[in-house]
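Following this line, the structures themselves.
Look for chain A in each of the two complexes below; its partner is chain B in the first and chain C in the second.
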Partner chain A sequence: MKKKKFNDVSFILAVFILTMILVSGIMATFITPYNPFQPDMLHRLQSPSIEHWFGTDVLGRDLFSRILFGSRSTIFLALLSSFLPLLLGTLIGTLAGYYGKRIDSFVVLLSNVFQGIPSTCFMIAIVGFLGPSLSSLLLGFLLTSWVGFSRIIRAEVLKMKEEAFVEGLTCIGCSDFRIVFFHIIPNIFNSLLVLGTLRIGRSILSLAGLSFLGLGVQPPMPDWSVMVSDAILYYRSYPHLILIPGCSIFFLVYSINIIGETLGDFLDVRIDEVRKCRGL
Partner chain B sequence: MQGALDSADFRVERLNVIFRVHSETLRVINDVTIVFPYGKTVGIIGESGCGKSVLGQALLGLLPNYAEVKGHIFYKDMDILCVPFSKVQPYLGSEWGVIPQSPTEALNPIRNIRKQFNDIGKNAGDRFFSKQELCDILELFGLQDGERILKTYPHELSGGMLQRVLCAMAVCGNPRWVLADEPTKGLDMESSACVRENLQKLRNVKTKSMIVITHDLTLAKSLCDEIVVMYAGEIIEVNDKLWSEPLHPYTQAVLKALPENGFQAMHGRSPGTNILTTGCKFASRCVCAQEKCQQEHPDLYNIDVSRVRCFLYA
Partner chain C sequence: MFGFIVKRILSVIPVLFGISFIAFGMTFLAPGDPAELILDQNGNYFPNAEQVTVLREQLGLNKPWYKQYIFWLGQVIYGDLGTSYHTGNTVFAELQSHLPITLVLAFIALVLAGAGGIGLGVFSVMERGKLAERIIQRGFDFLLSVPIFFMALIFILCMSEVLQILPSSGIKEFDGYFLPAVSLSLPTMAVIGRFTKRKLLEELGKTYCVVALAHGIKERQMLFLYVLPNAIFPVLALLGNFFGGVLGGSVVIENIFAVPGIGSLALEAVKFRDYPLLQGYVLVTGGTFVFISLCMDLLLCYFNPKIKFEDHIL
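Now for the complex of A and B:
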């Protein structure tokens, strides 16, 4: 496997795309030519043209403006719904892995229960029960996806705990808190990073699923995933309705993944060592 | 001897450590009573599985909590085995420096040397070591370009350099005691010589109070004032003239097995710690064994300043 460097073409491209998405999202108010909430029934379902760069949707709203505004909620929700479960999963996984014994068996039992529940159904149940809102959405994500993280983190911590240097840290009187937060977690940080970034893509897709069922982002709030599900009825005759938000999601997820992978490689000092030893 | 105890001595009294593994009961340490006097370098030697490392762990209060422990270890009027670990923790790193085995694995691979020094400082009374202080300590162990080394990560240094860094780390908190657990384990002759040199330097410059747990007899010989010989969980000999006048038949046999003394290997194996024996543990291999040895368990008998667990000296 080739190690990704910061001057890699794909990395530069990814940073460029992500910056564009972020900047255009932040500056959306100044850039957008139309009001993203304003229906215009005379110009509905238009293909891309000079007036409407990305065309218009079923209510005649300018797709370009909606894409720019939509990036805000998409990125915000995707980040929150990936990193909150990651945090919770890391905490639980570290506790289980580091302290072991009863805590560990309890966590494993709990993970088995949670992993046995089909996540989409569970998420629908939670959001449906609490009513669609940001907090219930995040709670749904939190409860369904911490398990995947905590299992991997637990295994990583178990492996780390046996390292000689962790034993050495106990010998010099380091507190558990210091060992876990200054030594173990930094050592598994690149797994966390890769897990987190890969999760973002899946979060966006789950979000789209929930929005399609009317449980996610509520219309008329522009959101890429909502736009994809809105286009379901029309995409055969007007493919741009699904292609444009779909491509936006693709570019976002792609750039985040590439950046995560490159950072992961960069932070992994040990890879350097292995390469050096093998003369690569 | 009991009256003249310095408070910074390690006093081990009737220590018993038992591990229960599945249905087996492993008596890893049996009735060990010994004083490690402050200001002396004591070597603990013995074959694998004789309980040396467990004794080391017990001294630092680091026995795993599934161990069944009886007895006392006193340090400064504190019973290490009875007080909660949080009371022992402040001593680690500040009063007791530890030199771990396998230097290449003993440091966090993603933290630079400077930061790892400060991890020790945190425990040694929340001290922050200045760059000059650290460079001085490193120079003591023959690392001239301390400034560069502090910036490096462990994998950028060779095994020998790491060993020196670890020695420096063990003494940077100015500990009263230094414990080295098999510092030469798995090293080749040249690296062991380097370790020996470092430990000697440490002993000359920093602190004379050391406990060296090893089965490297050359290391023990060149470094230690006093040798404790352990066999199957017991202390069988404490001697400061071990090399010239070994007392216990086991020690005599071990010394005879050294290449320079004729390479006469001993027969048999040491009894497992799961077997309860009534007699002397070494009786089955002993060339001087009598009938008494099979039935009765010998005490530690005093011979001048040495002590030996054998009926020959009763």
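Now for the complex of A and C:
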């Protein structure tokens, strides 16, 4: 398979798109021509024009402003939902890989159980029990996605444990804590970085799916997937209402994926996204 | 081989117990006391403390959690998952009427994804270095970045609105399954395709391929006779895993295409805070997923008796 490089057109384009989305999200308050929350019933369901660049939605709210503000919730959620499971997964994975034996078999069993329930179904159930809100969505996400990280980290730590330098460190009397946090984790940092970046794309997609179903970001807050589900009754006559937010999600995820893959090729990290789990 | 089968089947038991434990534990996440929830009839009635205590005793809520769990598990084993708060039917009956639809949908999607993914993976390896490979590669990248609901809506827009050849909702006719199954299968297809391609390329780098080529075998012949059977095994071993993804994605798809499967049922349950139904949903999706993975592994063991339980982790 061809390796992706930093001077590929697609990589430069991806960085450009991502920067645009980030900057416009951060600067949204200064750029947006209209208030994204302000309904204007006289100008509802308008097609794109000079006044309203992306048209207006069912309540006459300016779509361009809402798209800019919508990137905030998406990016915030995406970062949080990849960082927290990464942290938890790394912790559990290193614990299992480093100490082995009973802890390891317990963690393997635990991850088999958590992977035994399809993650979307698990998240829906958790959101259902806690009631739809952002915090319950994040909790559901954390509970379902640490497994993917811990599995890979555990394998990396197991490999690392056999290295001569770890043995040497044990001989000179380093504590386990020191070995793990100052020597093993920096060594697997590249894998963590690539894994995290590639996971952001997938988190955005699955969070978008749940928000689309009304289980994530709640209405008045502008969010791309909620905008698509708001337009579900009107999109047959006004396709731009779903095309613009939908394409925004696509561009964001696509650029993050390209960046992640290029990073992986550059750092020479090979991650099997698809792994078989024992006993499942 | 026999050892593998026994170990594999036994390994399912702790996982199933764990899933049941999670399903049971979820009730503790729910805000409020279940007894009060049942008694207050959506705020129409204010139960006094005595009534709540009586109902708590009737439901066994005053017992310690492990006793509750064992009692609950005993009922679940006999198929008694409780009664749906919302419809009043038993949860078992609800799941029984909705599950087959989702299973059919997921099965079609998985077959499409497997056939399409493996086919495209092999094709792009055959055409490597040419334009077709790059197009397929871009296509996979594209499919892995599109939200599934967006893709489904675009399909409806093209196929049902503009061309008017396929129904956009309902599954009364069999062609109603077409659009949902295709949109469900595409992301999985991309994952399978990329994985197949990588495994094939890995296999092509091995020495036996060089030897075979040196003996003068045609490349295509070598690919299909020697490389593909070796490379395809890990891909097939993962098909069971993908079933989980398809099952999860089906919730969104069922919602869009108005397919009355368990995904729609679960969404209803979330809306009406129907806790027993949600519990049943977790149990059923988890159980089905574990069962399908088990079946896939046993099938693979039949084709490749050399497999051992340990190297099954990949």
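Everything that follows uses one rule, which is that the second predicted complex is superposed on the first by the 238 of 280 C-alpha atoms of A that agree within 3 Å, B and C clash if a C-alpha of one lies under 4 Å from a C-alpha of the other, contacts with A are read in each partner's own complex, and residues count from 1 in each chain.
Please note the rule applied: a contact is a pair of C-beta atoms (placed from the backbone, for glycine too) under 8 Å apart; a residue touches a chain by one contact, two chains touch by 3 or more.
Quick caveat, the model's predicted, so the values are computed rather than measured.
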Touched partner set for A:Arg178, first chain B, second chain C, both or neither: first
Chain B versus chain C as contact partner of A:Glu51, first or second or both or neither: neither
Which superposed partner A:Thr170 touches (first chain B, second chain C, both, neither): first
Chain B versus chain C as contact partner of A:Phe122, first or second or both or neither: second
Which superposed partner A:Tyr254 touches (first chain B, second chain C, both, neither): second
Contacts of A:Pro186 with chain B and chain C, given as first, second, both or neither: first
More chain A residues in contact - chain B or chain C: C
Overlapping contact positions on chain A, where the chain C interface meets the chain B interface: 272-273
Touching residues on chain C, where the partner in the complex is chain A: 8, 11-12, 14-16, 18-19, 21-23, 26-27, 29-31, 137, 141-142, 144-150, 153-154, 157, 161, 191, 195, 197-198, 201, 234, 237-238, 241-242, 244-245, 247-249, 251-252, 255, 266-267, 269-270, 273, 275, 278-279, 281-282, 285-286, 289-290, 293, 309, 312-314
Chain A-facing residues of chain B, complex: 60, 62, 89-94, 98, 100-102, 105-111, 119-120, 122-123, 153, 155, 169
Contacting residues of chain A [partner chain C, same complex]: 1-2, 109-110, 112-122, 124-132, 201, 205-206, 208-209, 212-213, 215, 225, 228-229, 232, 235-236, 239, 242, 246, 249-250, 253-254, 257-258, 272-280
Footprint of chain B on chain A - complex, ascending: 163-165, 167-175, 178, 182-183, 186-187, 267, 269-270, 272-273
